[in-house]
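Here come two complexes built around chain A, the first alongside chain B, the second alongside chain C.
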Partner chain A sequence: METVILVLVSGLTLSGMYALSAIGLSLTWGALGMLNMAHGAFLAVGSYVCFTIITQLGAPMWLAIPMAVIISGLVGLLVYLLIVRQMFRHPAFETNIIIATIGLAILSENTILNFFGAYPFRQPLVIEGGFRLSGIFIPYQNIAILASSVVLVGLVGILLGKTRTGRAIRATSMNKDAALLMGVPVGQVYAQVMAVSGCLAAVSGIMLSTITTLSPTMGDAPMVKAFIIVAVAGLGNVYGAFFIAIGFGLLEAIFQFTFGVRLAFPLLLLLVIASLIWRPNGFFGSATILRN
Partner chain B sequence: MVRNRTHIPQLSPIGCDFAALLAITAIGIALPFFVESRYFLSQLTLFLIWATVVSQWNIVMGFAGIFSLAQMALFAFGGYFTAVLGKYFGVNLAIGTFIAGFATVGVSLIIGFACLRLRGIYVALLTFAITQTAVLLVNSDTACIIGTGATCQTLTGGQRGLSQFGDYGFRELLGRDYQIGNFYVALATMVLAIGLSILIVRGPLGYAFRALRDNEAVAVSVGINRYKYQLLVFAASAFVTGIAGGVYAAHFKVVGPSILGFPVMAFLVSMLVVGGLGKLWGPIVGAALLMLIDEQLKDFAEYRNMGLGILIVFFIVLAPDGLVGMFEKIWQLLRNRRPQREDNNSAGRVAAKKGTLQNFEGN
Partner chain C sequence: MGESFLTLKNICCGYNSVDVIKGVSIDIPRGAVVGLVGPNGHGKTTLLRAISGLVRLRSGSIKLRGETISELSADRVVARGVAHMPQGDLVFPQMSVRENLLMGAYLPAARADSAKQLEYVHNLFPKLSERTEQLASGLSGGERRMLGIGRGLMTKSELIMIDEPSLGLAPLMIEHIYDVIRALKAEGRTLIVVEENVSRLTDLADELHLLDDGHVVWSGGGADLMSDDVLMKTYLGG
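Up next is the complex of A and B:
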């Protein structure tokens, strides 16, 4: 029983962070058809901005987090305006954007490295205490991470499902050209999606940095996992990404418990490849979302 | 081609490329006789190795349309395999490098079987994940295969990497000038790499990929099997890449997980992009230029990777066809007529036309 609770707590905490990253990735894939290799760098940027605001400006938590999120959203917007928008016309957009975002990731990670150094700072955002559940100590920190990611996923769900903006995003994801012909301002949708993706990455990064430490490459490993989640869910499927993220986080915790930390991820990857061979468009993917 | 028949008779494109390759080979063979500095020769050898790796990545990604990010993993596998053969089995590295080439083909086939049936973007995702997993496994390698405690030797050497696994034996053969031997091995590997690229780009496989890129539906309906051809190119390039890994290991006498890291990948990606992705001679131009720039900016090492990042973004946004693409454009402008040589460019133009049409067709 104790192990079950332990695995559940760590698994669900992982799930919460993965879900936010994965949804950000999934949105940009669905709407823009771009694989954002700089997503991990976005995670790092968000958490370093938050760190700087708290330590340098002495801002309280309730102010620092929204500020960091907004700044990261602006970074996402800037990336769209300066890089992505310039590249749409090229026939090899899909390949080139991967390379461009690799370049962007290298640029931002090394800028952070030169600015802050490689010292593993601690994110000064700690919620003390916790409670006991049948003898297992559960920190409030983990509960807060899980709760805020559920709330945010819910918000993204409402944004996509209930608002005019969301409808435009969904229309663009389904068929860009038809959306354009129906009067959807596709360029504006792209910009919004990149901004939202930047915001989600920042939240995910801040969460991650509260349970580990800050480092310029902190986002890389979670990004790989978010990629895998998005691929298994079916690229561009936001709701699928959420459920797969929960499943993936739990499965990772179970694998880590049974096979050890070293082999957990390679084994998961094998499982993922097998499942992709079985369902090439992912579990929730439909061929219409994919464009090529 | 027919349109330009009135002009001066010329070598066929494939003839031109092989002539250029021959010239490069000749220069390469002569070079060690004019180079005094050992350091410079060592850097030239490194250039040849990178040019090999990047040219193979170029045909895989830029030409066969496989979004593989596993190129460095294959390269590292070749290096590690050679080192392991030399260290634990006492195999001469010359034979070891050759075996490593075939072993890398085996690995590439496994990756290819698993990934290439999937859609393009999934290939990028999975090959990236595979590379990251390889880094993880090497870095956390603590299982001793020989000895325990202080004498513990793990299979891959963990974070320290592997060393002391022998060399090609040029030291006994050439004495002080043994590095010339390594240089020629690297040169031979690069000539093999470019020869293979020419055969793939200009040969029947090239037509198949061009057809697939220009109009996939038509290409498939006339019986072009994308999966089969992609697997073939992936495996062929893996052979040369694995050998390049072995040459790297033998030349530097050490392989470590650093060759799988982001900085090396950034360096190679920038070679690819600056030279011109999908251009036959792009990787050579890119590798030469980047090695030169890197050498000049040694004093600003901490800004090196930032600079590479800026370079990659700058080129891919403003000049996605790289320097070779720019030369081609300028050349055409100067001649002010359609290109005589039918190369990647024509396919690119058709694809561009298709791209604009797609805005109306939907998909």
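Up next is the complex of A and C:
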């Protein structure tokens, strides 16, 4: 029983962080048809901005987190305006944007390294204490991460399913020309998606930094995992990304417990490869994304 | 017929380096029904895409009610009152029928009247009212066509452009779609219909334009075209 609780808490905490990151990636793929290789950098930027606001400006947590999220959203918007929009109409966009965002990620990592060095700072966002369940200590920090993820995923779900903006994002993802013919300003939709993706990455990064440490490359591993989740879910399927993130986090925790930390991820990848052979378009995916 | 409503003046456009429309001028009065006919791949669909702003002009101009719209993006052309129901319907597959229809009322002017418009579309296509919560991906070809046209009508546009309304449909469904088009004509809407089967337009259209290789090679009434054996054999396989 203790083991089950331990694995569940650990797995669901991972799931929450992966879900936010993967949903951001899935949105950009769905709407723009782009693989954003700078998504991991967005995680790091959000974390470092939050760290700086707290340590340099002395802002409280309730102010620092929203500020960091908004600034990361603006970074996403700027990336759209300065890079994505300039490349978007070219037929080679899908390849060019991968190169451009890899460059952006490296630039971001080196800029952070120049300003903060490689010292693994701790994010000064700690929720002390916890409670015991069947003898297992469960930190409030993990519960906060999971609760925040569920709330944010719910908000993204409401945004996409119930609002006019969300319907415009979904319509653009499904067919850009049809969305335009309904009067949807798709350029504005792309900008909104990049901003939302930046915000979600920041939350994910801040969460991650509270249970590990800050580092310029802290977003790389979560980004790879988010890509895997997005591919297994089916590129561009936001709801699918959420469910696969939950499964992925839980499986990772189970594998870590069963096979050890070193073997868990490679074994998980084997499972991913098998699932992609079985379902090449992912579990929830459609065959293609139209971008013209 | 009313005053000039839509004016295409010597327009040229295409894709990448290929010119598809090579200098087309058409004047459409308000309330007219205009048919675009001609062989496949000679520019009918591209002409509609140019009017709705999906394809940029290389030269020439398009004016709607005297205002130049050829510089506007497609979303702004819709806001001026142009509904384009494209070939292949382009419904949103992962949205319900209702959500698809409401996307037609995305712009504020249409949204204000969306409930009334929804009722109007349901009256034209009662089948859609039985399928409101069904995903568009699960609809039959005929139902998708109804949804595509219904969604376009939700925009409350004055100018309605329908690309190949009968393509791939069973005869009964074609009749139903053309009954709706006749109803739209009776309401006084301005219509442009692209159609492979000329006979469907002969009684309906006030004027037909025959497109060949990006040029209008003939314009006139449906009966005139049908009785011209040379034109029919040369361009329309008849």
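To be clear about the criterion, the second predicted complex is superposed on the first by the 287 of 292 C-alpha atoms of A that agree within 3 Å, B and C clash if a C-alpha of one lies under 4 Å from a C-alpha of the other, contacts with A are read in each partner's own complex, and residues count from 1 in each chain.
In this text, a contact is a pair of C-beta atoms (placed from the backbone, for glycine too) under 8 Å apart; a residue touches a chain by one contact, two chains touch by 3 or more.
Everything quoted here is computed from the prediction, not taken from an experiment.
Asker: With both complexes overlaid on chain A, does A:Ile70 touch chain B (first), chain C (second), both or neither?
Answerer: neither
Asker: Per the contact definition in the header, classify A:Gly103: touching chain B only (first), chain C only (second), both, or neither.
Answerer: The answer is first: A:Gly103 touches chain B but not chain C.
Asker: Touch check for A:Pro266: first (chain B), second (chain C), both, or neither?
Answerer: It touches chain B, and chain C stays clear.
Asker: Just checking: does A:Ala231 make contact with chain B only, chain C only, both, or neither of them? Give me first, second, both or neither.
Answerer: After superposition on chain A, A:Ala231 lies in contact with chain B alone.
Asker: After lining up the shared chain so the two structures overlap, which partner does A:Thr111 touch, if you call chain B first and chain C second: first, second, both or neither?
Answerer: A:Thr111 sits against chain B, while chain C stays out of touch.
Asker: With the two complexes superposed on chain A, say which partner A:Asp177 touches: chain B (first), chain C (second), both, or neither.
Answerer: both
Asker: I'd like to know which partner A:Ile127 touches here: chain B for first, chain C for second, both or neither.
Answerer: After superposing on A, A:Ile127 lies clear of both chain B and chain C.
Asker: Applying the touch criterion given at the start, work out whether A:Leu8 contacts chain B, chain C, both or neither, answering first, second, both or neither.
Answerer: Touch status of A:Leu8: no partner.
Asker: Which of the two, chain B or chain C, is in touch with more residues of chain A?
Answerer: Partner with more touched residues of chain A: B.
Asker: Looking at A:Pro280, would you say it contacts chain B, chain C, both, or neither? Reply first, second, both or neither.
Answerer: In the superposition, A:Pro280 touches chain B alone.
Asker: Pick out the shared contact residues on chain A: the ones touching chain B in one complex and chain C in the other.
Answerer: In the superposed arrangement, which is not itself an observed complex, chain A uses residues 175, 177-178, 180 for both chain B and chain C.
Asker: Spell out the residues on chain C that touch chain A in their complex, using ranges where they run on.
Answerer: 52-54, 73-75, 78-79, 83-84, 86, 90-95, 99, 102-104, 106-107, 110, 151-152, 155
Asker: Mind pulling up the chain A residues that touch chain B in the complex?
Answerer: 29, 35, 37, 82-83, 86-87, 89-92, 94-96, 98-100, 102-111, 114, 175-178, 180, 217, 220-221, 224, 227-228, 230-231, 235, 261-262, 265-266, 269, 272-273, 276-277, 280-281, 290-292
Asker: Spell out the residues on chain B that touch chain A in their complex, using ranges where they run on.
Answerer: Its residues touching chain A are 61-62, 65, 67, 69, 114-115, 117-122, 124-126, 128-130, 132-133, 136-137, 140, 262-263, 265-266, 269-270, 272-273, 277-278, 302-303, 305-306, 308-313, 316-318, 320, 348, 351-352, 354-355, 358-363.
Asker: Within their complex, state which residues of chain A touch chain C.
Answerer: Going by the criterion above, the answer is residues 164, 167-168, 170-171, 174-175, 177-187, 286.
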